[in-house]
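Consider the two complexes below, in which chain A is the common component and chain B and chain C are the respective partners.
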Partner chain A sequence: MLSVSWWLQLKARSRSTFDGVLTLIYPMFFSTTIFMMYSQGHASSSAMVATAIGASTMSIWSSVSTTAAMSMQAERRMGTLELLVLAPRPLALLLVPLIMSMATIGVYSMIVTLLWARYVFGIVIHIADPLSFLVSLVVLVLSIAILGVVIAAASVRYRGAWALGSTLEMPVWLICGFLVAISDLPSWVRPLSWALAPTWGMSAIRAASDGRSPWADLAICVGVGAVYAVIGSLLTQRIVHAARVHATLGLT
Partner chain B sequence: MNSLRIFFLGGLTSYRALFNWLSPWILIPAFLFTPLFQILLFVYIGRDAGVSDDSFFLIGNSIVNAAVPCLFAMGNTIGGERTAGTLPLLISSPAKRLPLFLGRALPAVANGFLVAVFALAAGALVLRAPIPAATWGGLALAIAVSSISCTGLGLLNAAIALRVRETAVFSNILFGLIVVFAGVNVPIGEMPAWMGVVAKCLPLTNGIQASHVLAAGGSIRDIGGSLAAELVVGGSYALLGIALLRWLEWESRRKATLDTA
Partner chain C sequence: MVEPVVEVEGLARTFKIGRAFSRRSARNIEVVKGIDFTVGRGELFGLLGPNGAGKTTTIKMLITLLVPTRGTARVLGHDVVTEHHQVRRKVGYVFGGDRGLYERLSGLDNLRYFAELHGVPPREAKRRIGELLELVDLTGREKRRVEGYSRGMRQRLHIARGLLHQPEVLFLDEPSIGIDPVGARELRATVKHLVQNGTTVFLTTHYMFEADELCDRLAVITDGSIVAMGTPDDLKKRVSNGTVVEVDIFGMPDAVPDKLRDEADVRSVSVEVRGQSHVLTVHAASGTDITSKVVEHLDGCSIGRLITREPTLEDAYVELVNAR
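Let's turn to the complex of A and B:
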């Protein structure tokens, strides 16, 4: 069910060329600006590689944040929300392939950004441990998708959910250490960073690219992601129950 | 008189009806939080990269957020009408097109101005980068001119919405181009020459430069040229937008494609 739904959603999201082009190039506007800033600061080659990796992974979160927040609203508009809720599977589980398809599109964007960094800015990306890097990337994508599920579940009753999703885009880039080290942020922000699974996924990716062990970070990332899964599951049960009791599923 | 009514009342009604931004659940995150987060993101990246100072990123990222209402709201003047099924009614009305569309631009200008001023004031407070009281008048003028100019590009965006269905997508692309080229986070002088040429053709570039001059202690007299250039850029886009609206409206009638973009 997960793989079939994921493939179906991926195909549905790939139908619009215009949307597809935007998904690929929108994060590149930000990554281009960021590459230009570090070039202006004459950053070392290792710093440029770290920037390229961070800027490219930003696009995975970009693909998920806004679209996840408005996904339930989109289902409602298409008249398919009731069908999803009535399906003989937990709603939270049905949301996973939906959000995973968004994160997968973010991976396309990540690859394009890495190629952009290589061929336009001349950043030669050397990954010390490619296998660990790949595992870390998969875990990061999953952790972002699970976070997306929580956001989708939390915004099911919120008509302006797109605004919430857009607003979350940059704070997560900042506090999860996609570009700036968490130690550079004010100390009160750090507990927030630690509570976000992508922080640990990014840390694992950086460790793998530098040749350090990413496994401890990955374990924490999986653990925090599991907590999100429980929260997402409980949240959807509660919301679906309330919507049925009040007969408000189709309303906002 | 009828044109004035269409300009003011039509513009306000369209703004209230189409954009769904009156809800604080949308307005606060979209117009107050997002600009602030963008400022913080680039301030921290700037510190990490060792370039410019906080006030450079504060000014650039505050003013560029005026583009959000100026581009998206203007794009929605057409896209939103199509979604609501009212585009044929609008186009078939005998109202003069100039007050009809410029009236819709006025609330977008005001919205863009307020978003940028809030971002600048709140950002200065959060970053403890105080802006001298004497500078605020000039900055407000530069932001107002930038908002007007950017709405000119928004008008062109609205015209394109007669042919392109995904107006929000197109607005995002325009916003991204401005972020890269308009000297928001990288000074124009640090860019390759060809990017500098592109920057001069975009709204906000001159407004942001003028604001930097003011923040560095310049007077309103020092920024007159930049603000005039900003108005010329915005005016050019507005004229192009109005011409394109006319042409695409005629094309849509001729081919009966108004609702099928």
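Let's turn to the complex of A and C:
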């Protein structure tokens, strides 16, 4: 079910030329701003490489956070949200391939950012352990997708929660260490960072690209992600019941 | 007695209308007000009513999309609130209009997706999709994107989607809304075919001829309450005595319907706006001729067609709805 649903959702999302162009252009704006900030600040070449990797993975989160909540509103508008709820499978499970399709689109943006960094800003990225890097990337995508499921579930209950994803986009960039090292953040912010699974996924990606072992970070990322999955699943059941009580599954 | 598959007792639903953060300005509206009925296995049961009568709310409670505020409903023996998983496995839901499909996917991909959601095994899904495309006459057009489908094709695709998991009870919520007469006739033929093959169908509509042609039994709902229930013939009998005068009028004064209602032999009066004209329908008591009185009240108006005819199911419906 997961693979077929993921593929069909990806197919549906990839068919808009407008969205496709945005997927390519949007990360270019952000990465250009970030690369220029760092280069104007005379960042070292290793810092530039770290930034390029952070900026590229950032687009996966952006793709999920901004569209997860909005997609539920779109499903509601299309009349398919009620049909998703009517399916005998748990809604949380149905949301996973839907959000994974968005994360996959985020991977396109990631590739664009890496190419932009290489050919426009001349940042040569050397990945010390490509296999670990790839595994870390997959785990990061999954952890972001699970977080996306929780955001999407919230907008099943609240019609206005579509704005939640956009609100969370930039804080998570900062808190999870996509742009700035966690050690540079104020000490009171750090526990928040540790509680977010993408922080550990990002840390594993950086470790793999530097040639350090990413496995400890990955284990924590999977563990925290599993906790999210359990919370998300229980939360979704409660939320769907509340949506049935408060009649928020449809537009009217 | 036929085994009941839908059992409804005192079912009600209230909606809170108002601002999200202001309890003071919020108010409760009871859309369904304690209704009772049962539907037997293999039956085609119709719920008739005007817009806003509570048809869709009733259907949404029965298919577990809404929790009732009062009363109970059981579908195939399962409570719709506490046993919603069991209900969802056994029912299908089809609604009218353009919504409920993924526009950017082909008809085939839509069916594949919903088959996955309902846990239909891939091999069975492939066979079933082929059969359903044949049933709804979309074979050969299944690879086109839904955004290029006509309304009738979308509606037929909806029916195929609703039948993917072979539901025992199919809920059709105004399925023929907005489709052309040919499409509507094909749809009715498909529904008849389903009932012949043993599917129980619960249909909501406000098209009288549709209800008359399809339904074994029907209930008329207005303002959240059921005002009549029985076979189409039972309902027709309620108005079978008497005659109906139907007049096309241009420029009818607003007071005319009320003046006619005050006449001793008049049972009901309804007015429908059709373009530039009004169609005035007056149902008179048995053995009386109301035509001259109607013409008298319309003195000074421009009158078009005027006919006297036997009452129909539509007249019964209008009389029931207007009686509230």
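Here is the rule we use: the second predicted complex is superposed on the first by the 245 of 252 C-alpha atoms of A that agree within 3 Å, B and C clash if a C-alpha of one lies under 4 Å from a C-alpha of the other, contacts with A are read in each partner's own complex, and residues count from 1 in each chain.
Keep in mind that, in the parts below, contacts are C-beta pairs under 8 Å (C-beta built on N, C-alpha and C of every residue); 3 or more make two chains touch, one makes a residue touch a chain.
Predicted, not measured: the structure shown is a model, and the values here were computed from it.
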Partner chain in contact with A:A216 - chain B first, chain C second, else both or neither: neither
First (chain B), second (chain C), both or neither touched by A:A87: second
Contacts of A:M78 with chain B and chain C, given as first, second, both or neither: second
Chain B versus chain C as contact partner of A:A226, first or second or both or neither: neither
Which superposed partner A:A128 touches (first chain B, second chain C, both, neither): neither
First (chain B), second (chain C), both or neither touched by A:L8: second
Partner chain in contact with A:S16 - chain B first, chain C second, else both or neither: both
Contacts of A:V120 with chain B and chain C, given as first, second, both or neither: neither
Which of chain B and chain C A:H241 touches, first, second, both or neither: second
Overlap of the chain B and chain C footprints on chain A, listed as residue numbers: 16, 160
Of chain B, residues touching chain A in the complex: 20, 23, 25-26, 29-30, 33-34, 37-38, 40-42, 44-51, 164-166, 169, 172-173, 175-177, 179-180, 184-186, 190-191
Residues of chain A that touch chain B when the two form their complex: 16, 18-19, 22, 25-26, 28-30, 32-34, 36-38, 40-41, 43, 158-160, 163-164, 166-167, 170-171, 173-174, 179-181, 184-185
Chain C to chain A touching residues, read off their complex: 15-16, 20, 60, 63-67, 85, 88-89, 93, 95, 97, 99-105, 109, 112-114, 116-119, 122, 161
Chain C-facing residues of chain A, complex: 1, 4-5, 8-9, 11-12, 15-16, 77-80, 82-89, 94, 160, 241, 244-247, 249-250
